[in-house]
Every structure is written in C-alpha cells, then in structure tokens.
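In what follows, chain A forms one complex with chain B and a second complex with chain C.
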Partner chain A sequence: MNPNKKRLRRTMMFLNAQKPALIKDPYIYKPDSIMLDLEDAVAQNQKDVARFSLYHALQEIDYHGVERVVRINGLDTPYWQEDVRVCVAGGCDAIRIPKTESAEDVHRVEQAVIAAEKEFGREEGSTLLMAAIESARGVMRAMDVCESSERLFGIALSGGDYTKDMQTHITGTGIELMGARQNMLIAARAAGVQCFDTVYTNLDDMEGFRKDVESIHLMGFDGKSIVNPRQINIVHEIFTPTQKDIIFAEKVVKEIDEKSAQGIGVFTVDGKMIDIAFYDGAKRTISLAKASGVYKGEL
Partner chain B sequence: MINAVGRDIPEEIIEMTGKEVFQGVHYRDGYTYKKDGPNTKCVINNQGSKLVENIHEVLVKCGIKDGMTLGFHHHFREGDYIVNMVMKEVHDMGIKDITICASSLGKAHDPIVPYIEDGTITNIQSSGVRGKIGDAISHGKLKGLAIMRSHGGRVRAIESGETRIDIAFIGTPTCDDYGNCRGIGGKSNCGVLSYAMVDGNYADKVVAITDTLVPFPNFPAHISMTNVDYVVEVDAIGDPNKIATGAAKPTTDMRKLMMADYCTEFVVNTPYFKDGFSYQTGVGGASIASTISLAKIMKERNVRMRFGVGGLTKPMCDLLINDQVDCLLDTQDFDLAAVESVKNLKHFRISAGEYADPFNKGAVVNKLDFVILAALEVDVHFNCNVVVGSDGMITGAQGGHPDTAAGAKCTIVIAPLLQGRIPAICTDVTTVTTPGESIDVVITDYGIAINPARQDLIECMKDVNLPFKTIEELRDIAYSMSGEPEKVQFGDRVVGIIESRDGTIMDVVREVKDFTFAE
Partner chain C sequence: MEITRPAIAGTLESSDAQVTVEPGNGKIDFTLESSVINQYGNQIKKVIMDTLKNLEVDNVKITVIDKGALDCTIKARVEGAVYRSNVQTENIPWGGAVRS
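Let's turn to the complex of A and B:
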C-alpha cells in the first residue's frame, strides 16, 4: 500500500471484477491503473460473487505496481456499502465513486471507507478516492467535488451517462463532450487534482481512438479510461513526451537554474524566449518522461 | 534405455520396432543408404484405361489384402472425405490388420474409430491425430503401435523403405483419365499436393481419386501419370469449406499481439535479419500477427526476404503481392488467399521431401533463418511437446515442427504461459516431440527465455528492451499461478512412439489411466 495522489495515471483499464481470466494478470500489458468493476459489468444477482472474486484477487495477486482502483456500485443502490467494505478489506489502492453529483456523495463514501479502515485494521487514509462525473449536475458541481476530500485524487468523465443526461449521444467527434471536458478540467486544475477522460468503446476504429486521445491530451487531461489492452500503447505513446520535448525541457530547467543564479530573468533557448514562467511546465515534462521510463538524464 | 532427451525408452519397444533411441539432432548426419523403390506394373498397351468405376473395384484391382499399408495425404485437412471413403470399403470387404500411413489425421476421420476397434486398422503412422482417433489410441484401442512422425520423417521412412506403402490413395482436386494430378482447380481446390508426392513416387499401387475429371493432359502435373495406376471419379473428395477457409481475421487478442510484437522485436535484433533472410511461420494467431508486424518493420527498414516457406496463409502471400519477398515455397495452403497465390509465378510448389526430409541430400529447412512455432508445452530443457495434451491424450501433430526447428538458424516458439489453467512452461513436458537442442527462444506473454546454449543470441539481446527471463523463471511464474501440476497418470502399455525425424525414438506415449486423486 502506497497511497499516491499524484502518481502517473495515463491509462485506467476497466476489468470486470467477476472474470478471473481478465483480472489474473492485466499487469502484463502495463497499464498505469486498473479499474476493477463491481458496477455496470456485473449483473445484479452476481454482485456478491464479484465481491468474492475481487477480494481474493486483491489479496492474492501481485499486480506488479499497477494501481488497483475499484468501481463500486452507485450510492442509489443497496450494494455500495458492502462494496466499500470488501475494497478496504482486500486492500485496494483507490475507490471510484460512480455518478457523483456533490461533495456530499464523496463524504458518504469517505465515511464508509474510514469505518472500514478501522474495521479491517487498515491505516487511515490508505484508501484513495476518485469521483466519476456522469451528469449535467455533476459537471456543474465539479469544483465542489474536486475539493470535497483530502483522499480524492481526481475526477473522471463518464461520457455514456453524461450524454444521455444531455439528451444526446456519443458521436465520435467529441463535440457532445466538449463542455463537460473543459469544465471538469478547469475545476480539477483549480483544485489541484487529476482529471481523466471517458472511454472510447469502438475497438474497430483505432484511428478514431488515436485522434480522441490526441485531442484530450492537448486539452490537458492526465489520462484516459480504457476498455481494452490494445488501447494502452496508443495512450502511452501520446502521453509520453517526445525526445525533442525532453531535450528542450532539460535545457530550459538547466538554463533557468543557471541564469537565475546570475540574476538574468529572460534569455533564449534554441531561439525561443524563455523566462521563469516556463519552469514548471519544463519540470512537468521531465517528471512525466521519468515516470514513463524514457528519461535517463540527471535532472 | 535413456535417450538424449532423458526419456526412458523401454527395451521391448526398441526390440519390437528395431529402432535406436534418439541420440541428438545430427546423429545420423552423413548416413548413407540405398533408397527404396516401388514395384511397378508397366503400361505399354495404348488400349487400356486407368479409369475404374468405384473404390471397391479399385481395391480389388490393387489386390487389397490383410496386413497391407495404405497411404493418404492431409491436404484437405478437416474437409477430407478420402480416408473415410476408402476405409469404409476396406472394412466392408472384411479386410483386417491395415496400417494407415497418413501425412496427418484429424477430427474429419472420427468415423474410422470403429475400424480401429474391430481390428480393420491395427497400426497408424501419422504426423499426429486429433479428435476421437487420438482418444482411441490413448485408451489402448489400437492393436499395434501408433507412430507419430514429422512431415520430413514420413518421407524419410518411405524413401528408406522402413515404411512400404502398398496402395496410396491420392485425393486430387483435378485429374485426367491417365492420372495426371493437380492440387489446383476443381471443387476441392487445395493448391498443392506436396505431402502426397512421396506416395506417388514410392507406393506400389497409386490410386488417384478426384471429383473433377478433366481432359488429358492435366498439365503441369503435380503428381505424374507415370506413377499412377488407377483413376477413380467420385461425387466429392472433400468439403471445400473445410479445406481452405477464408483468410483468418488478424487477431485482436492483445496477449497474442504482444507476443507477436516481442517476436518481431527479437527477430529484427538478431544478425539473421538482413536483406535475403528466410522465414517460416505457422497458422496460430500469434504467428500470423508476427508476420504482419514483421512485414511492417521490413518495409520501414527496407529489408527484403529471400524466401518464405511452409504451410502458407494470407499474410505470407501478401509479402509476395507487396514485393517484400523474392519467392514462396509452398507445402500446404491454409486459406483461400494462399490457394489463389499458387498462380503467382514466384509461388513455387515443393514436395514434403524437398521441404523437410532429413534423409535426402539437403532440404529447404536447412536453409531457414527463422522459424516461428507454437507448442502445447515447453520444459526447462527447452524440449517441446506438440502432440500429447497435458491430460495425456494424443491431441496434436508434429507437422514440420521438429524438421524446421532442427534446420533453422533461429527457432522461436511462441506459447502463452498458461493454456487455460495449464502451465505451458513446465519442468518436464508430458512427451518430448521436438528436442530442446533445436529450440533457441521461447516467447511467452510474461517474458522471453533464450536457450543458454545460444550465448550468441543472449549477447545480441543484451541491450534490447524486451522482458528477458530464464526458462526456470518463466516456469516458476506459471507454477505460482496454476500450482505445480500433478503428473498425468499413465498405464504401463505403450500405445505410440514419437519418432524423431531421423527415425530414432524420441519418446513413447503410454495408455492413459483415469485420473484418481493422490492420497
């Protein structure tokens, strides 16, 4: 257990918690996080079976450092409290709260998690939370949700339910998600938490998927929910800084460190005017490159 | 007697078969012998006809009798009607004690099981068997021994006279009335007749069976009239839908794609990957995906293949269409795209002998750089098993596995670490079919192991970013998930032998015993 709110989460792969063949070794595909699902993927009369399978998977399987998030059932169902107990007893890294519409929703789950951490002797605070935003109301209250709990590391858009609420549907163009994506990103950044984009379910259209990921990467998302391991490499490739970006960022960090010691505020790197405002961005590129395993420099 | 792969071959089997035990892949290199030849009944009179009314008549004309050996090929695979058609007639005539010498047998031949049970068929020699025949042999229903031999090994056995085929039945998609056979055209188009060519050359009586009789001359003939005694026309020789299927959709299973990518990455980092390299792969999802990803890298790096060989599928034939390979050498066509490709001038048909026979003056497999294979099990000695299931039942075929593995400079086996719940990487394979000395690399979804005998390959890969592990580590990962499987429980009786390509005994297959839990 190593709760880390800021870890790299480019990919969160959904897996039905009831399917042993799926949950036995998803780490071989090297996603950043897996999302073991107790909610929509599991039929109502199979919820207890799925919890049983989930508990043993969490207890027995070495996921080789891949973050283990569990999507529990909605707060409007009779299942979620028992889900929370199993998640905590099993020792998952984080819980994803579906259909979150308010800070209150997060608080309810947080209370249940605290109780379970006590009940099962887990360290308090060891179970992180994330909130899925699936409705217009949720999008409008995203800021409240983002600031609701110290345990909350991020919010994620759930496009299917959101577009239904908006009386539209997934078009593949992204136009129907534009408002929600922008609003959630701004809220997440303002609150200092991460923000994740919705799934892309058409596995026959890998080009469409690539375009979708390119666009949400440029928007500023931290990562994307995925439904198939074939999607992992594309996301990681797009979210990994290029060698060109890394070399430039390295120069910027080094030059700023050096020049500021000499009392110089503005200077040029590779012909581009650089000042202190570039520092955080360049540092972020280096740490992303490090986390992605492509940076071998000394910064 | 313990052989070179550590298998104990019972003395009575050595005595019964007159064979030696396996002593290494190159043990019989340089061996000299005089090839066998068929008894030939000359046709000088130009008034005669080779056409015979039906299978019964042709059996009578060939002098069918108890104890004979009948030859069959497997180019129609699961769509084959020939074996069942002939064996039903043989059975109905009350003939007993037949040896079937087939290039392979599959589930299509389940209907001959009663003939095994009633003693019509008492010996089977084949690349392998699947379905109910495998079940019958493993349960001790075959009176004699089943001999499992590779495609190259079958040609060796026939050419050396170890196996004498009395009557060969060659299902042929087209044939003229004088016996010129072609694998192309007709209703049961299978592209080539590579495995049947040795039957044509060495069987005492050769019967061509076709459902598409064409005017003389059916040229260029794949099997010549000069070797064919009789021609029988029947309604159907096979089910076209099961002979050559539509090209398999490339796999979307990420596990297979990942292993294929590992394989390609490995291949391109060996010294053999350069202009003029040669390559063979199989028909499994990961093998086909490897060919597709290799083609992409060949294009990017402007590397050209000299020849591709083997049973062919669409991705291999696409290399020819896209001008990425100089030529294809074809022994079998697995899909319609491959059958269609036979028309290409640079798509050459070869015989099973040219392909893989260790007892001729050099076969194509010896010129292979890479072969990509699959396996049911691989053990920590790199021995492979492709014939006997982990439950002890005969359920697969050697095919060209040991031939290509022995010949290629770099032999790669791709296998998922767990096949269902059964570890594919294990301490000892159930049955050795290809010796570890022929296997260079094993690629699994959990990592890649290079045979320590190949220090040169280990050296090449030291800066390559692939998940390298030792074969023992891979086994340990498998066992950590599945547990160490209990040994299959066999009875004492040996029901079959796994023959090495040079005719020595690689392993024996014993009768299965119903499982009982250990105390």
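Let's turn to the complex of A and C:
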C-alpha cells in the first residue's frame, strides 16, 4: 500500500493551477493538502496552457511536504486524459476525479494513470486517487466508488453540484447536505477510506464556517475542502485533539493494555467506565495528535 | 518546432508573464519588458532561450512582458505559446522537449 494513503488531511485548499500568484507559495499557510485545479477554476480557452503551468509547478516548486493533489477535468470532457498524463509526468501525489458516479469512472482514470506511470517511468501505484461525489447517483453509489481501487484514499462531497442535482441550494444550515454527508461517511468508513466535506464559500461568515466545521467534525469527517487560507487555522484547531483529549486517550490505552494482561475487562478511568470498545478510538486520538505534531508522549 | 501562426500565453497579472510568438525571419528576434529587467533581465533571457532550444524553435519573433514571474512560470508561458502556435493540445512530450 502507498504509505501516503492514510496521511493527515484536515484541510485541502483549492488553487487555480493557471494562476502563478496562487500556486507559487501556498505552503506558507500550512494546509495539509493543496488541490491544484484544472477543472472549474480554469476557463475553457486556458485548459491547454494551465497544464504547462501545472507541470513546472509540480516539478520545480518545493511545497515543503504539503500534499499536491490535482483536480482533473471530468470524464465527459476532451481534457481529462491529457490532464492525467501531465499529473503523472509532473509527479503529483494524487488525482481528484470530479463528478464520480460509479466504480467504472474510477477504473477509467486508474487505467490512464497506470499507462502514464509506465510512459513517464513513475513507480506503479505512486499516484493516489480520490473521488468527488457531486450527484444523487454518486451518493447512492458511494460504497462502490469507495471499494473501486486500492489507489483510492477517499471521497469528497461537492456540495454545489450535489444541491443542484437535488433541486435545492446551499443554505448555510447544512440541512440540504445531511443525507449525502451521512451516506458518504458510512460508505467511506465501511470501506476503510477517508471522507472529506465540501467547501464553505461565504468568507464573510467565519462564525458560520466554524459551526459548519464543528458539525462535520462531530459527524466523523477526516477533513474539509477550503477556498481561502483564512479557513485553515479554524479547521486545524477543531480537528486537532486537545491536551485533555490526548491525556485521557493515553490513560485509556495504557489502562486497557495493563488491565487486559491481568484479565480485567471493565474498569474506570477518571470516573468513566472503560472497556475494550474504547481502545481503537483512543489509539486514533493518539495517532491524530502525532500526525498534527501535538503529541509529546511515548505511545 | 515551426512557429506557424501568432499565439499568446499568460497574463499581465502579478507573478505572471505574457508571451507572444510570431513567425520569425530566420532567427530568434527577442523583446523583453520587465520591471526587474536591471536585476533579472539576463536570467529571464537565459530561461527563455533555453526553453526555445529544448523546443527546437530557432525561427521566431518572441515578445515577453514579465510581471515578476518565477522561472517555472516563464518556461510554462513560452511552451504554452509555442504549442498553441502549433495547435497541439494533446500528446505533449512531458519530460522530453517540455522539461524543467
């Protein structure tokens, strides 16, 4: 398995691949991933030159460990196959497939990626995939998409197109996205891949943004797509375990290890009843704390 | 590559460069406009000439208006204009004639 498949992805910042001012130094804002966009952000008559810009950015700019994902054009356009070639030739970390509605969509891109990895001498399997779900059909087939490829690290909701397909619109309350979010999360968890929430585009409403992030964090998402550096710290703050969470998780892991060796199944930690069911959650908190760079312990 | 028709790539936005190529008169006819021409003019010219050499373009009138672009952006705009001139948008030789 590609070691980057399960990496920390709290924030994925969209950037127009055709805009040099945007793609030259986004690492200074410290997002976990950047999403270099060849799709909606690039005008039809700029698709050709955007690829040259993308190629040299991938080859020559040091993004200081920030993951470089590229959103290619849709499979219903004449652009996506050349997009895949330039992504792989440039050495991107992952490709985001837009408007995914079936496992077949992922397989088509995967075949093109395999051919490009051979053509450009890249290690087979080095280019990961993720799928954007943007329609009712995509949501209903999320499980098939999640299980479609070993390269697929996750799925992401694209709220704008999804709400159009559902004949509604973004309200800011999240009610219109409720079903899609829940369905996609369950599919992603069942398949063991990550799940990312849609963008929040009202930059004048940072309080609304915070509530949205808190809500999707509680639902179980791994991260959120973002459109502005101002959104990064809020997401990271909410998605990073607090010291209180970390200390409790540490105690749970240590106590379960100790007590299970003594044949004790149920006991209390800080007044809370704990059993083996808490183990994976506590380990996940420690892993997240480590990946976020806030863990100082020894586990 | 032959420059068969005029083509433009890039914009006049900050950090970008606008490159225009036109059929030449048997040589490379080069014009550069840049706010940092005194500091970086030679470096920008070298990047453009190296890129044209990689693309095997030796007969072109090329005009570059630089707005503080990085080398990687200048290369991308020169290549973008040359391939546009040839109306080629697929099977680009990434890592071959188009390289870092």
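Just so it is clear, the second predicted complex is superposed on the first by the 296 of 299 C-alpha atoms of A that agree within 3 Å, B and C clash if a C-alpha of one lies under 4 Å from a C-alpha of the other, contacts with A are read in each partner's own complex, and residues count from 1 in each chain.
Note that contacts are C-beta pairs under 8 Å (C-beta built on N, C-alpha and C of every residue); 3 or more make two chains touch, one makes a residue touch a chain.
Quick caveat: nothing in here was measured; it's all calculated off a predicted structure.
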Partner chain(s) touched by A:24 [first = chain B, second = chain C, both, neither]: both
Touched partner set for A:178, first chain B, second chain C, both or neither: neither
When both partners are placed on the shared chain, which of chain B and chain C touches more of chain A: C
Partner chain in contact with A:89 - chain B first, chain C second, else both or neither: second
Touched partner set for A:120, first chain B, second chain C, both or neither: second
Partner chain in contact with A:230 - chain B first, chain C second, else both or neither: first
Touching partner for A:59 - first (chain B), second (chain C), both, neither: second
Partner chain(s) touched by A:48 [first = chain B, second = chain C, both, neither]: second
First, second, both or neither for A:203, with chain B first and chain C second: first
Shared contact residues on chain A - chain B and chain C: 24
Partner chain C, residues of chain A touching it in the complex: 19-21, 24, 47-49, 51-53, 55-57, 59-61, 81-82, 85-86, 89-90, 120
Complex contact set, residues of chain C against chain A: 9-10, 13-16, 69-73, 75-77, 79-80, 83-84, 89-92, 94-95, 98, 100
Residues of chain B touching chain A in the complex: 252, 254-255, 257-258, 445-446, 481
Interface residues, chain A side, partner chain B - complex: 24-25, 28-29, 203, 228-230
